[in-house]
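The two complexes that follow have subunit A in common; it is paired with subunit B in the first and with subunit C in the second.
Entry: the complex of A and B
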């Protein structure tokens, strides 16, 4: 029996673990925690379009990158930092809604390709619009005052708050008419339309939701690092990693994105530390394993069966 | 005299070189049970697709309750009360039977909340005699079960007109009897029904009126007993043997 409260309890515990890293971990651990919180927010966002609606979007890096630039430009224009993040969120949301209305006419592979195209086009526009964006030279963003450790703690909390907000929105969507309709679309789009789901509208909402927090996260990341450039801000690798993390954990679920991100990033750190040369190879390996062995992600595994196979769990004795 | 609820006015549908629907007009009256028959490829499914906004006709109009709905989208048709089942069943495979039906109630039947939709769905499953399967995944049902699920899902949408595209195809005779009984129960609720059917046994026992489609044209229209004796229908669809048997019965009975 799965408890209704289990996902929330696990999520809360995970938040505590991440938030307390400055108390028990090294600077390196805190940095990893910031990256995990940040990527969890991105993965939870992707889950709206990729998990709930089942549309394989690779636009994450576009939203993140536009968020970086919108936030940085706003801050350079004198907008206070937090307000600049909100501006970035709104800008990215509006752009996603407009783009979604166009590319969500496509399905399957065509949609996937269009969603990658958006990353490239956004990067091109940003890097050729030198007068505004600094082009390939990048942009400096006003740094926060304070020592590096204090700043890291602040951004850890910022990323955790954004992660919690995306989790809360996920919970709301999961229980609402919207979430129900998106699941219908994911399972059978024509049948969904035929029972009265306004597919286009729902997909555009899901795509916009998948963008909003990417914008916030991009802007916050820009404020944290103090410098952005087009190739770091619009990285195709990010657009691939985020869906892989979500698929690893379990798409369309509450905790899947959280678990998948944590598992993937910890693996990645281990590989970074021990096998610097093969780091990229694990992304490939994880993708292959996912496709062949874990179609529903880690959450869909039948842990009882596995535990039994390895003798970790005794067969329950039949009552006489 | 009852009023017209759904009307096709000079509908045409071309797919490339194929004239799938050819200058077709007909009307359904409120509360009627009408059968639509015709050989494979006659255009029956295409007609339902035109009536529910899946395709836009090349020319012609669709009118529902007097309103021109020709350019509606399928979800708008559903919300208006134009429900249909698919010839090839289209469940949401990884949802439970209950959730499948709730989807109909929530989006097509304007349930105010997910919880209310679940309640409506439970009633509907009871009505459709599927209640014992409520918590099974839809993909676990037999074909007969999935066909009935399609019916339950459409009924949860509170339709005014229900179009059934071969709900009996592939079922055995006792399953067909079960389906017939359910369709009668639905008709008793005053819902207008258009049944697409190859089995003349079902047509004869269910329909008040029969439309016969051939090459996208309406070649005959009338009561079931008239239709089986219509020489055009016999030639295009039923065949002489059938006509001798059923026509004879009709004449005697």
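Entry: the complex of A and C
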């Protein structure tokens, strides 16, 4: 784990695995790959505010949902698809910056509750504003023409590109002054303030970054599904799943969100396929166990120790 | 210090991943029908209704040797998955059913939204799909011919009812509408209010109440002050029982009281006793109707009797509509004489039959053709059908 390049190599390998699914898997496998890429993008986004800054945000579903609606409404108004996704990204980013300036004055539990509130408020506004959003009846989004294979490949590519973009931003933040400042905030906000970190600004930037790609992903998802409604777009389950995925992998790291998402989604598939009735309960128990025994996520495991225990490594020559 | 306790977790993880790779093998059958169902989550109760009637149908069809395709009988298999009331998963499973399980046809899940999502996927794969619980026309407006639905549009609930009541009570003038602020109850409240206004009636009260309202006295007092001829309230069974009781407590009286969809469910009548008498409603189907036609259930009565014998309770319109989807599918496969998806699609589109559920003939958009939906009334704690004329079995009683 010493190599600086290992995380990038692993990420690149993972991108290759996901991107080649159409060559070896059925369309169902491709769909799972699209969902993994999509959730990885969401988890990498959450990592900015939840991982680096340590603020427990549950707003992911709000940004995703607003992105869905912004993109869908733009497309219905005749904006070309890709431009509509950009519009959604900008709209969601602006909303997040404005909201962040208000609710980031709160910390800890208070912030968490306010961030959940945002999901509910957004959902209620969208479902009550029937004249614009169709209310509870939902909205049709112009369907992409072409057969199922072509559509699946296009959206796989789109989600992977968004995932790579969010990874690149993560790398940039990680290496910049911003990432350092956010880690200071995570450790001790008052101390960070004293040594000259502009807490308020940094937090708003992190919160906005955590929203941007959610908006893009939401809009792309809306184009892919062809139909959106308030209850599926603003699902509180999504707001909970994304932080869990990040915590499972390792918050505040480069690769943690990627590994956590992949592990979580595969576990979900496994339990769903084998335990039809109790899959949610089993999944919940596994999450509790994993987080309880792995507080730093899968990345914090000492793989060298494990390997040695199984006799895979002879002697701890590196251990100094 | 990190302890070694983490190892068991890893083993479980690895074992789980290994187990997940094994496909769930299924028995071989000739005709495969796929059904994503919301067996867990908020829509579980409704999805279980779908599962129940489809299994009833499956038993009957397979007991008779299966569906006849061009002279030979083929057994039928229902491949179902639980999509946990989650739209994204519904889409995922529809794709799995089509590509992995290679189903021939699909049945849509409960509700307009999820029908739309699954219908879009089925259309991309050119697989015929029939919905039984989607009544919004927006679901059917961009699916290019592979999505069909057995419920007729909401619109059939309003105009015929206004017309019927005006015939029965020529001096009908003042109408009060109180609706629950929720998708289906809201659209029905808005629909009836528009239909009443179009007929020249005076809708002097037209409001929505919030989901979870436990006290309707403010709304009901305002309604009482206007001295209504017709009170129309929408909501789910519990809301409507409460509203009817509070109307009685506050002395709100009207010759016509309509509640949607309360009286169609037996819990409503059980909860209200004599107070339920005289309340009218509409429904897509009720066992008091008497249709006869094609399918494994030749008459409404045959379906009703079998259902009650099996379940010890009354079916509602969801049960009937969903049972009708498979009757339509069977009829179409037999007429097509083939399992080719395109040929069966064409056969479904040409459907023009009467079943235990009522007439089924699809409009150009794939929905069952608009028709006058049954108007029912509680009389002597039982349900009577007032209209349309071909299925009516009683005359309307005015309250007070």
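Quick note on the criterion: the second predicted complex is superposed on the first by the 301 of 320 C-alpha atoms of A that agree within 3 Å, B and C clash if a C-alpha of one lies under 4 Å from a C-alpha of the other, contacts with A are read in each partner's own complex, and residues count from 1 in each chain.
As a convention for this text, contacts are C-beta pairs under 8 Å (C-beta built on N, C-alpha and C of every residue); 3 or more make two chains touch, one makes a residue touch a chain.
Every value quoted in this text rests on a predicted model; they were computed, and no experiment measured them.
Visitor: For the combined arrangement obtained by superposing on subunit A, do subunit B and subunit C clash, or do they fit?
Guide: When both complexes are placed onto subunit A, subunit B and subunit C end up side by side without any clash.
Visitor: Who does A:177 touch here: subunit B (first), subunit C (second), both, or neither?
Guide: First partner only, subunit B.
Visitor: With both complexes overlaid on chain A, does A:153 touch subunit B (first), subunit C (second), both or neither?
Guide: After superposing on A, A:153 lies clear of both subunit B and subunit C.
Visitor: Angle at subunit A between subunit B and subunit C: what is it in degrees to the nearest 10, using CA centres?
Guide: In the superposed model, the angle at subunit A is 140 degrees.
Visitor: Given the touch rule stated above, what does A:280 touch, subunit B (first), subunit C (second), both, or neither?
Guide: second
Visitor: Would you check which partner chain A:76 touches, where first means subunit B only, second means subunit C only, and both and neither mean what they say?
Guide: neither
Visitor: Applying the document's definition of touching, compare subunit B and subunit C: which contacts more of subunit A?
Guide: C
Visitor: Pick one for A:143: touches subunit B only (first), subunit C only (second), both, or neither.
Guide: After superposing on A, A:143 lies in contact with subunit C but is clear of subunit B.
Visitor: Looking at A:196, would you say it contacts subunit B, subunit C, both, or neither? Reply first, second, both or neither.
Guide: Touch status of A:196: first partner only.
Visitor: Please provide the least distance in Å between a C-alpha atom of subunit B and a C-alpha atom of subunit C in the combined superposition.
Guide: 14
Visitor: Once bound in the complex, which stretches of subunit A touch subunit B?
Guide: 175-177, 180-181, 183-184, 187-188, 190-199
Visitor: Could you pull out which subunit B residues touch subunit A in their complex?
Guide: Where subunit B meets subunit A, its residues are 52, 54, 73-75, 78-79, 84, 86, 90-95, 99, 102-104, 106-109, 113-114, 117, 153, 157.
Visitor: Along subunit C, where are the residues that touch subunit A in the complex?
Guide: 2, 4-7, 9-10, 12-13, 16-17, 19-20, 24, 39-40, 82, 84, 86-88, 91-92, 95-96, 99-100, 112-113, 116-117, 120-121, 124-125, 136, 138, 141-142, 182-183, 186-187
Visitor: Using the touch rule from the top, collect the residues of subunit A that touch subunit C in their complex.
Guide: So the residues of subunit A touching subunit C come out as 26-28, 31-32, 35, 134-138, 140, 143, 147-148, 151, 225-227, 229, 231-232, 235, 237, 263, 266-267, 269-271, 273-274, 276-277, 280, 286, 289-290, 293-294, 301-302, 306, 309.
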